[in-house]
């Protein structure tokens, strides 16, 4: 079996999606790219989170062709692969319809950067890309187009949900969790008035420290 | 004991209701129809979710008469049976008072289709039927009347809650989960403004793909 | 040890409070009255839910005097006892600061009866009593005064929280759970507009059926 | 290994943060001061809650210098130590970005005291301090400045989150939990109108009783 370790990682990370209340039923998916072979491990289509195992994960090549797997790959496979082809530093992608972020997406609105946590992680707003149909690589095109001019590793898709990227599948999951957490805080704040802005120079300082000093 | 397998399935599916935050205490119920015998397995009335077993499920015929069971059947049994008699493709029904969907129901409002996930699963809005009293088959009449002209497998009942149907009990549970998930997203969006509409032609394409291509 | 069975029941019911998201940290308490001896089993003051055992429950007489127990009884003991003295059919009382119900209480507003579930369980609105200080029996006086002219077994206390009663401790817990569940649904509805009213004659029919036909 | 008991306590208390929905992913941290040695046990930087053990906690002196530990200490270590140096009665500090409290913080607004639970625990409003960058002791300065004229053991930090203090790490965690619980209740109330005020003399009485009579 190809890539047993990455299959294990991607399978176990899927458990973080319901645990962090990012998904309902079978919605949402995660993929990881193996930097050596360029192969991608991704969720099978329409399988519940409880039924996922390292063995039923699907392995596809960079063009989305199945290399190993008894199941059909996620409906979003072509879009994941488009992103991997155009963003060489990305080795993990997460897609969700998480509640607060998706609410911003239905209005076609970005999530403004009004907390230090957003400054740390996203270095500015989380942008919202335009509408695209599901099934082909159009969604991947919108994601690449939308985040290429931002520090944010994640973006919203109009009327749809969230795509989060990272240098590993785990980092992409963290970006998806923090996207929803900050969407929820900003939404909650907006119900009481207009959040105070943070000085762009301070956002820069917070982002720089978090990317370079924070953690081990 | 009749229908041991369907008893097991219907019993276990009840655990999905509290797990997905669709019910409080004993509210909510699920039934499944056996396509071969036409018999229906349904929750006993007023029993807590923790106390449900395959053995205490109630088996009724298509007119709601108890065929096997030591307990009274759910208060909604006559309505479940009305739906089964009038919708031959339905073999599973779920009833909940889930929070966001019920909030729409107290206003007599449909849930508008403003996300790709709703387009996929419901192919349009989730409609709201009129008020009906509990205990007889009036609720079943409203459900059949309300969803017969819609793609949506579920509907709201004014001032009451949700009825979700499906070709199996499991599919009906999925419809109930997705009804609440989308109700919550749309409600959250409405607090910030007016969600963007999705082109009806795109809703058609999304619905068609999800019904015919998605999954295994 | 006195009343081992009631100690066990009251202790175990406390686990339902965090499980149903009705309490934070040590807030909230439950008591049960033994119909034969008239003695009351109640939570010790300021002990976390995880530390509760049947043995550390406190037994008091109808005037709130400790009969058995190594711990101080709940701060609300005098109020529980006042309610028991004035409401002979009540054998269980629950107090919480559950979020949505307490929000109504901070505005001094009743929860209007706009769902069939509220009609079933409460037969009308859940009323809100006036402000009272904690520690004596004043809160008990407000509770008795507030619910004596209502069908509702529970009421709100201005700027404070919820008191729920029942013919047993378990029924009182159910009333507390349904109070919060309906408060949340009504609050959610109010953010979108004005809920439709239910015909008072229909509320009467729903209440009558639920009290007399529902359950086993 | 230094301070094995305090390492154990501080490690286990971290589990209360996700359990009480106060944190997402690695955000949030707790420290405890040993009253005898003056040494402080604090969370390592950027480590997930599931990976924390008593052994990977970091021990620092009162100036934030690492005394024992294989990991970098939390980014907020200098601020924790500033608070300990200026508040001799504080032996526990908790920092979170909990949702409702942080929403107030993004508006630079205090949480008004409109519930008996807030009167009990905080004796008045929970104040909001000004903006400060992360990494140095500036946040500690704002915390000390903000809470020194209040009864409240916790405060908000503009555009950032919550700092809660206590005579022990456990009491600080309780203050953090109650800060979020009350922030949520007040926010929920504000969506329906203006909460009723509580007479300042009653707030005084409630605070006095809770600090001196409540608990064991």
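Lettered A, B, C and D in written order, each chain numbered from 1.
The rule we apply is simple: a residue touches a chain if its C-beta (ideal position, glycine included) is under 8 Å from a C-beta of that chain, and two chains touch if they have at least 3 such contacts.
Chains and their UniProt names: A, B, C, D = L-ribulose-5-phosphate 4-epimerase.
Predicted, not measured: the structure shown is a model, and the values here were computed from it.
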For the copies subunit A and subunit D, give the interface type as same if over half of its residue numbers appear on both sides, and as different if under half do. different
Quick one: subunit A and subunit D, Cα centre-to-centre, how many Å? 31
Inter-centroid spacing, subunit C versus subunit A (mean Cα positions, whole Å): 44
Multi-chain contact sites of subunit B, meaning residues that touch two or more partners: 191
State which pairs of chains touch, listing all of them. A-B, A-D, B-C, C-D
Contact residues on subunit B for subunit A in the complex? 20, 114-117, 120, 174, 177-178, 180-181, 184-186, 188-189, 191-196, 198, 202, 205-206, 209, 213-216
Could you please specify the touching residues of subunit D with respect to subunit A in the complex? 24-27, 44-47, 71-72, 75, 97, 99-100, 102-104, 106-109, 131, 133-135, 158-161, 187, 190-191
